[in-house]
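Right, one structure below, let's go through it.
A, B and C are the chain letters, set down in written order, and residue numbers restart from 1 in every chain.
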Amino acid sequence: MSEQLAQRLCGELTKLVLVDPHTHINPHSPASKTLADIMGYHYYTELAHSAGMPKSHIEEPGLDPKTKVGRLVESLTNLDNTIQVSWLVELCRKFFGFTDDRITPANWESLYDKAAAKMAEPDWEDQCLKQSGIERVFLTNDFDDPLTGFDSSRYIPCLRTDDLVFHFANPAVRERLTRATGIEPTSPAKIKQAIGKLFEHFTKHGAKACAISLPPSFSPQPPSHLTELESRFNAAFIDQDLATTGLTSIRSQGQEFIFWTIAEFCAEFQLPFDLMIGVNRRVYPGGVYQGQDLFDQRVSLIQYKELFNAFPQVTFPISVLAQVSNQELVSYSWIFPNVVTNAHWWYSNIPTYIELDTKARLQAVPRNKQIGYYSDMYKLEFAWPKFSMYRQCLARALAQDFVVARKWSEDEALALGRQVLRGNVESIFKV
Amino acid sequence: MSEQLAQRLCGELTKLVLVDPHTHINPHSPASKTLADIMGYHYYTELAHSAGMPKSHIEEPGLDPKTKVGRLVESLTNLDNTIQVSWLVELCRKFFGFTDDRITPANWESLYDKAAAKMAEPDWEDQCLKQSGIERVFLTNDFDDPLTGFDSSRYIPCLRTDDLVFHFANPAVRERLTRATGIEPTSPAKIKQAIGKLFEHFTKHGAKACAISLPPSFSPQPPSHLTELESRFNAAFIDQDLATTGLTSIRSQGQEFIFWTIAEFCAEFQLPFDLMIGVNRRVYPGGVYQGQDLFDQRVSLIQYKELFNAFPQVTFPISVLAQVSNQELVSYSWIFPNVVTNAHWWYSNIPTYIELDTKARLQAVPRNKQIGYYSDMYKLEFAWPKFSMYRQCLARALAQDFVVARKWSEDEALALGRQVLRGNVESIFKV
Amino acid sequence: MSEQLAQRLCGELTKLVLVDPHTHINPHSPASKTLADIMGYHYYTELAHSAGMPKSHIEEPGLDPKTKVGRLVESLTNLDNTIQVSWLVELCRKFFGFTDDRITPANWESLYDKAAAKMAEPDWEDQCLKQSGIERVFLTNDFDDPLTGFDSSRYIPCLRTDDLVFHFANPAVRERLTRATGIEPTSPAKIKQAIGKLFEHFTKHGAKACAISLPPSFSPQPPSHLTELESRFNAAFIDQDLATTGLTSIRSQGQEFIFWTIAEFCAEFQLPFDLMIGVNRRVYPGGVYQGQDLFDQRVSLIQYKELFNAFPQVTFPISVLAQVSNQELVSYSWIFPNVVTNAHWWYSNIPTYIELDTKARLQAVPRNKQIGYYSDMYKLEFAWPKFSMYRQCLARALAQDFVVARKWSEDEALALGRQVLRGNVESIFKV
């Protein structure tokens, strides 16, 4: 009964055209060309490797796309239970006329060819977006991205700042900053000036958000030792062999200075600052490309207390990597006006956790402060299956907790669903 | 099917008259007088603020009750999804003849007036308790409360000790202690003597529990440096500018000494010691009144190992703020005879978390060691909707995990439900 | 509907004969002789104690088995809600013709006698295994176990190494090592040599795994100060009064050296290394036998980063004690080829947590990397009710998340269920 109700709600929610508020789409090549682009998504390569396929087999230099797909298909027999592989099958059924339930050594070649033909159609990008019910897509842009050559009414720039905060010691990063801004970042004041230039550039080109991913240990404090940062500039920002851990270290102060400067410009330029909290990079350096990061669940939003208090005028859409962080996210969003919940990220982006997290958010966070979902996709084809998964979870939560338990009408429940799916994306990011 | 079963069980459980084992009721003014008393509950002001209403708008000095309610009603449009607002609507429907599903700018004024008329009836307090199925209510009393002027067979005193442990450095607190006991607390021995007086006073007036809320960092050790505490009395108990963090600091030793002393008197006076573990105070100092506290999920009951071992004769009803702490609470209650589970506190008091936590407790903690619920209310009107929410969750757990999964009869399931709802409150607090 | 489906799947899964990959069975006395052997399981003694029975009452020296059972039965009235007591009732119904729903002071004596008669049958061990659908059972062997005198085609040895790593400072442990290997462990090199002998002995006798339980604070690093370990041998390995906490302490380095050495031999002898992560021993020293251990949820698999990277050729089946660790376990198993999920351990082994954890694992971990369950039993009679509980949870997850939500056929779902129940035990442990 409540399952049928959930399906009915899901059907209605599927009619709503969406804005996807966080992706890694390359606007110069947004859609896939072959199944290798699709199955090259790190979810498939890392799961294939985890299930036993050597990295060298997957990442062999010069591997042609079709052979690569053939190899990856071999491991699907160990992976068909995963929700990630269900995305793959769903998108093949949706877009490429695939009619089987599983991709196997026996059927993949014809699928490969049909998919290639479909994706070769000149309007594939448009078709894919249309069929997926997506009309606008946020990007993740390097800070030195020229932001030209694409339709910014469809692809909305977002200033990604990980490099500035965490890789400033890398000379290549500083050179990119100098080239992008004309300012050599040789003092805290110059760094600030250069970052200001980036914000001018991005907002002039329609950027609607600034974003960063953060390790579990990060706990930014307001910069307080500017004289020390100036006098020990190399230690704070440049020296590569410096141990960078520990809150009190000069390097941490340097990182915090840049982070805080970015937050200040978010205030000045009225950009929401997406915080993606909790990732440890390169935990498994022997893993495949983009399949090396993990996390430490011992993290708390209390680490951002000073930030949230210092910038009441900046909206912080927050994604947490650890599912155990969701209750803190719910509670901080319920108390802080400038904290909003942002989707279901990466290792938390599986139905079991989405459902629990969605239920808690819908029960305790103001409805205008919840961004339901983003796809995080690298290629357009993934918006459909990922948003479908989320809609199923959302519809189930609305059915059980609102229509059944609280006697809401289906229309009232759908209005809530539409707000978290789309309305809040528009109001929070002003798109 | 199991939903209908759950409703049937819930209906039966609703017939049971209850003792509410933890509230913030003022026994001299237990019920509300206007809807402003009800909507002034921090849940509504903090959520309204979180959803966008300036604090100044909500807490404007001299604001009359009706205008305040009118303002708060404006934000309900952003909050109607929350379980907290569902409490509000439920109680208005239960007590004030409200027949709509939502409180809106169009209907709130007549509700306000009807509610005011109802609450002006001279026996409103009795009516409210009767309709709510509540016959006795635990209080939260300041340590210097004279405990007179109210019916202590209805309102049961509870000695709240946060001020003594965490605000002893405040001269006003020490003066209150001196006035209440006639003892100036100028040495560890005098502090102990004064606290003993408080216990005498409270138990003489029918107190049935001692209580305290504790920050996530608290990890009390048995006092071991009494000579140091004596010789550095100011540093340990008085100096306001001392950094108070760190287990080894002298101030921590002072706090631990007072905490431990309270536990010793709980043993001597045979009072259960309610520990409410995990709150960080004033995380958002710009928030509305009582809407500034949050938490850090990185806390463990292992921090109380020494305490639980040192006081086998003291029962510790434990509430945890972080939902992730529930499994530890279940496990510690399953092992330690003197640890019992106590309700669903604050940020964990939403149906998603109540259901999970209730299921785990019913599956693994002896049934005589579970206090199902307390309302934590400030005004009597809230017992009804809060206990209703809990009964729904409890009934669902009993239906799914006992009647369906384990083939218990409905009567057996109801007997378990009644025990955690009422029986254990009586046996644990001896009321 | 989905409940009926779950029951149908569960019925099918029950037909599968299993290998139990982790138990504490004594192969020289695998089955119980009286109900006292069964009710002497720490779950019942610790819960009886927790519910109010004095330890002295339960562990009175010289207590005869029947009197002991009579006493424990008294406390079942406080414990019948627990899943642990449901195991007890289930096994009595399965094996001993018990037909009531509860064991009470009125019916226990006849049950005691019937059970004793059944267990006195000469082939009770065979009958019990047959009825339980278990054909092979992993043991937990002390490192100095001679491994003789039992049928190692039924009882599979497993080298348990807690004593070596955490109790090496105990002279009795070192003497046992000397006796077992003929090598006096007086230097790091000799320790390594002795441990190598143990691996030879165990693998010669058919051992299929090495195992250890680990405290939440353990975070092994590769040994790097061998010279220091040699020159400060007593401090690192022997001195009993040394504070052993702290990563940098010499004692920690000693423990890490032994642990790392064991991992090296797991690589050399191709044995999976079961890590059981997160237990604090003797948190409640006043508790009954085996009812004194608890945990600290503040633990992360990031503590094993160096280990997982250093031994890609060793499979690490991982059990976590804290339920909040499950998402890390899912994620680390999804990324690291050598990390696999291993069952539901101790305080996480209750249906509420099993269901959540099973769902997350089935949705995100390659299907060939999940060991569904082990019984952890001390006596054979417990395999049936414990595996039954797990099968119910597994069947429900398969029904809801695969057959209903993802439209899998029942056969496909059953194949997945059979793989995690049995297939992976065979492939991972090579049995």
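Please note the rule applied: a contact is a pair of C-beta atoms (placed from the backbone, for glycine too) under 8 Å apart; a residue touches a chain by one contact, two chains touch by 3 or more.
Just so you know, these numbers come straight off a predicted model, no measurement behind them.
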| item | value |
| --- | --- |
| Magnitude of the superposing rotation for subunit B and subunit C (Cα, nearest 5°) | 120 |
| Same or different contact residues where subunit B meets its copy subunit A, judged by the half mark | different |
| Cα-centroid distance, subunit A relative to subunit B, in whole angstrom | 38 |
| Per-residue multi-chain contacts in subunit C, two or more chains | 298, 324, 356 |
| Subunit B contact footprint on subunit A (complex, rising order) | 1-2, 298-302, 305, 308-309, 312, 324-325, 327-328, 330-337, 356, 359-360, 362-369, 401-402, 404-408, 416 |
| Residues on subunit A engaged by subunit C in the complex (per definition of touch) | 3, 46-47, 49-52, 78-84, 86, 101, 280, 283-287, 291-298, 322-324, 347-348, 350-353, 356, 392 |
